[in-house]
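Below, subunit A partners subunit B and then partners subunit C, in two separate complexes.
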Partner chain A sequence: EIYSSINQYTPNHKCFRKLVHLHKNKHINRPYWIYFSSPQQQKPALIESTEEFVFVERLIPPSRIPDPPKHAGPAPSGWTPPAETPPPLPYMIRRSRMHNIPVYTDLTHGNRKMTLVRKVEGDIWALEKDVKQFLQELTGKDMPTQVNEVTMTLRIKGHFDQELKSWLSSKGF
Partner chain B sequence: LLVVSLNPVKGFDHAWLLDYKTNAFVFQERRRGRGQHGGNRSGRGHKGERQRGTRPRLGFEGGQTPFYLAIPKYGFNEGHSRRPQYQPLSLKRLQYLIDLGRVDPTQPIDLTQLVNARGVTIQPLKRDYGVQLVDEGSDIFAAKINIEVQRASEGAIAAVERNGGVITTSFYDPISIEILIRPVPFFMRGQPIPKRMLPGEDMVPYYTSAENRGYLADPDKIQQARLALAQKYGYVLPDISRDELYHMLAMRKDVRQVFFGLSPGWVVNMAERKILKPTDEKLLKYYTS
Partner chain C sequence: MFRFSVAVFGRGVAKRFSSSFPAEGALPPNLQLPANLVDPSRLKRPPPPADCPLPLLRRCEAVVPAHLSPMQTWVESLQMEDGEPLGRAELHPDVFGVSPRIDILHDVEKWQRNYKRISYAHTKVRSEVRGGGKKPWRQKGSGRARHGSIRSPLWRGGGVSHGPRGPTSYYYMLPMKVRVQGLKVALSFKMAQDYLHVVDSLHIPTPDSQYLLDLIRRRHWGESVLIVDVAEEFPENILQAASDLKKVNLIPAIGLNVHSMLKHEAVVLTLETLKFLEDKLLWHDQRYTPLYPFKLPYRDFP
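And then the complex of A and B:
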C-alpha cells in the first residue's frame, strides 16, 4: 500500500525508512525539524525533560480572580479592603467581582450625568435616605434619586462617584 | 404594554419581572405613511426636492465649495500602519494591580504577567509593539519590582528605581508579541519557540541607550545613568546588591529569549507536561545565534 508505493521513489536507505515511518502517522503534529535531523542510533533527535515545565506553568493565565492580600488600612493605590464584619445598618452593599465598591457614573444623550449604586441588599429606602442626607450636607441641594427595587439599584442625578465611594468605604462596606 | 400576570402565586403586592409580557404591537414593521392619517403627503413634506425625491448628494452645499473640498489635504494619517504603538500603563494602575494581588511583585514582571492579570490589553494586529510605562501616579508608587516593558518615560524609571526596583526596556517583534500575550494557544500549536528578532534600524538607538535602560545597553553605563537620574530627581539610590530579592531583581532575559526559563527551539508538550529539546548541532547553532 502506502509503504510499497513510497518505496518505488525512495531508495531503501536507513534514514529514508524513518521518514516513511513518520509519514505513516500524519495526524500527529511533529515539529518540522524532525524531518531534517539525520537519525543516528547513538544520538536521539530530541531530549524530553520535565524540569523546565515550572516556567511554562507560570505563563498559564489564572482562570479565577485572586483574593487580595491582607492590608492594614488603605493600600498605596487608594484601594481600601472591606471591614471584617459588615456594618450594623439595615442595608448592605456588596463588593464587585474585582473587589471594588459598585458605584459607577453614567452619561446618556451626551449631557445627562448620573451616578449608579449597584449590588444593594436589604432596605434600599434607608440607603436612599442616608445618601440624600449626605449629598444635602455636601452640596446644600436636594438631589433627585431613583430607586429600582427589582434590580436593587439607586440612581442619583449628577456625578458623585468619588464622594460616594469614599463615604461608603468609611462606613465599612 | 399589556400586563399579563404569569405569576402563579397571587396576593403579592410587588410586580414581578415575570409579569411583563410583550405583545404583537411591538414587532410591527415601520413603513412610510400609507393611507388614512399616514397618507396625503405620506410623510414627504410639501413640494420641492424633499417631496419629489431629487435631493443632491451628501455634502453638496448648493454650489458653494463644500467643506470636504475646501479644506486642504494633509498627511495626518499617512503611514499610520507603519507606526509602532505602545499601550500605556500608568504606575497608579500597576500599584492597583499589585495591591489586589493580580500581579506578583516577588517574580519578574513581564508582558505575559501583565496580560494574565488583565492589567493591559495588547492588540498586535493594530501595530501594538508592547506596553509603555507612564509616570501618572509616580508619587503614589511604592513597590519593589523587576519590570520589563517596551518603552518607559523618565519619571516612571525614576519612580521604579527610587523604590529599589529594576526596570528594563526591551524589543519584541510582532510575532514574539503575539506569542508572549497568548502563550498557551502557541504551545498547543506544537511549533518550536522562535528566537526574538533584534530591533530595526530606527529603534536601535533607543534600545542601546542607557538613559532608557535598553536591554542592549552597556551595564556600566546603566549604573551611571541610575546615579545621574537619582541626582536629577533628588532621591537616594538604594543599594540592590544587599537586597534579599537580589537574585530575582537581577533576572533578565537573553537577547533572543522570549520567555523566562525557556530557550528558543524548544517545543512544549502541554498534554504530557514535557519539553522537547532538539539535539542537532545545526539547529542548536541557529537557535543560539
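And then the complex of A and C:
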C-alpha cells in the first residue's frame, strides 16, 4: 500500500509534504531507495561484462610457494641460497618448503635441549660422522647423537642450530 | 677346572654355532625346492638400459631436484597380446622413488579401514533394562543376599555394567601430507618391486575377458591387476572385459588409494595418469598452509 503511493513520488518541492508525511511514520521500515528513485522509469537493460573480473582474480591468493628471487651472495636478512650444483658428498640435505635449512631445536621435559636435522637423503651415517667431528672442534666434547634411519633424521644433544645452519650453508646445502 | 672345561668345550660349540650361518647367498644343503618353482626375476623384462634405442615418449614436466634423476620404465600397449614395448617414459623421483616408509603405509591403510567404521554394538545398562525399580525382598531377615534391584549386573537378565555403549564412531583424519606421502610410498613400492606398468592407452581389440587374462599371464604381470586412467569414461571394450573379472579392476585416477594398491599385485597406469598424479602429488611439496579450505578457489590450484 505504501509502495504503490511511492511509485508516484517525484523529488520536487510539491511533494515535500508527502516526504514529511513519510518521515512522520518512522515506525514503518522503508527501504532507503524510496528517497532516490525517480518515477515511472523503465528498467535499464542488463549488460553482462567479464572485463571487471580481473579485479577479483588478482585478489585470489596463490597456493604455491614462489621461488626466491636471485641474490648475489647472502640476502640482507642473512638467508643464503643453496648452491647451484649439489655438493659432492655422500649425503644431501634438502631445503624446507620455505627454502630454509631444516635444522630445528627441541625442548622436552622443560630442560632437555636437542637439535634436529631433518630431510636427509643418502648416507646418514657419514653426515653423523661429519657433524660429530664439527661439534668436537666447536665444543671439544663428544656430543651424543641419535640417527633415525626410518625417518632419515639426526638428533643431537644440546642447542646447536645456528652453528649447524651456518656450517651446512657453507657446505652448499 | 670349570673355566678350563668351558674354554675347551666352548671352542667346539662356537664352531658348530658358526656353521649354521650360511655364507652370503649360499643355500643350505638340506633345502628342497618344489619342481614348479617360479622365479619372477627371470620372467619379467629388466628395466630399460641407458642406451635403449626406443624413443622417450614422456618427459617429466615438473622440476626434478638437481641431486636426483628421473627413473625410466617401459611404455607398453594393450593392442597386441604379445607386443613389444613402444617406448620409455620418465617418472619423477619424488613420486615414484621416495624412501620406503612401511610405517606410513600401515598408518594410511589402518586409517582407510577405520575412519568409515561405525560399530553399532549396544547393550543396556541396569537403568535401561525393563523393570528392576523395586527392592526384591527386605534388607534383613529373609536369609538371602541383600539386593536392591532385579536388573543389577549380578543378576541373570540384568544390565551389562561395562558393555559397548551405542553406535561408536572410529572416525579420525590423518594429516593431508601423511596421506599424500602414503600414496607416494605405495607407488614407489610398486615401482621398486617391478609391479608398476605404464601403458599408452586402454584400447583393446576385443571385449573378451579371456584376452585380458591371456595378456596378463603372458606378460607375467601378476595375479591381480589394478588399471588406472584419468578419464572417468573408460573405453567400452576394456569395461566389458573387466566387468566379469574379479581380479582385474578399473578405477579413475582420483580414486587411487593405498588399500587398492596393496590389494592388487600389479598396477597399470596410462601416460595421462602419470601427468595427473605427478601434478597433484608434487603440489603438496610446495604449497602454503591453507588460508581457507582448498575446495574454494585458489589462483594456481592443480
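What to note about this one:
Keep this in mind: the second predicted complex is superposed on the first by the 119 of 173 C-alpha atoms of A that agree within 3 Å, B and C clash if a C-alpha of one lies under 4 Å from a C-alpha of the other, contacts with A are read in each partner's own complex, and residues count from 1 in each chain.
Convention: contacts are C-beta pairs under 8 Å (C-beta built on N, C-alpha and C of every residue); 3 or more make two chains touch, one makes a residue touch a chain.
Keep in mind that this is a model prediction, so the values were computed, not measured.
In the superposition on chain A, A:P61 makes contact with both subunit B and subunit C.
Contacts of A:V150 after superposition on the shared chain: both subunit B and subunit C are touched.
Once chain A of one complex is fitted onto chain A of the other, the partner contacts of A:A72 are absent, as it touches neither subunit B nor subunit C. In the superposed model, A:E121 lies in contact with subunit C only, and not with subunit B.
After overlaying the two complexes on the shared chain, residue contacts for A:N29 are found with subunit B alone; subunit C is out of touch. Once chain A of one complex is fitted onto chain A of the other, the partner contacts of A:R94 are limited to subunit C, with no touch recorded for subunit B.
Contacts of A:L46 after superposition: subunit B is touched, whereas subunit C is not reached. Which of subunit B and subunit C touches more residues of subunit A: that partner is B. The residues of subunit A shared by its contacts with subunit B and with subunit C are 60-62, 65, 150. Residues of subunit C that touch subunit A in their complex: 65-67, 99, 101, 103, 283, 285-288, 291, 294, 297-301. Of all the residues in subunit A, the ones that touch subunit B in their complex are 29-31, 33, 36-38, 43-50, 52-56, 58-62, 65-69, 71, 75-79, 98-99, 149-150. Partner subunit C is touched in their complex by these residues of subunit A: 57, 60-65, 84-86, 92, 94, 97, 121, 150-152. Touching subunit A in their complex are the following residues of subunit B: 14-15, 17, 92, 95-96, 98-102, 107, 112, 115-116, 137, 140-143, 183-184, 187, 189-192, 259-262, 266-268, 270, 273-280, 283.
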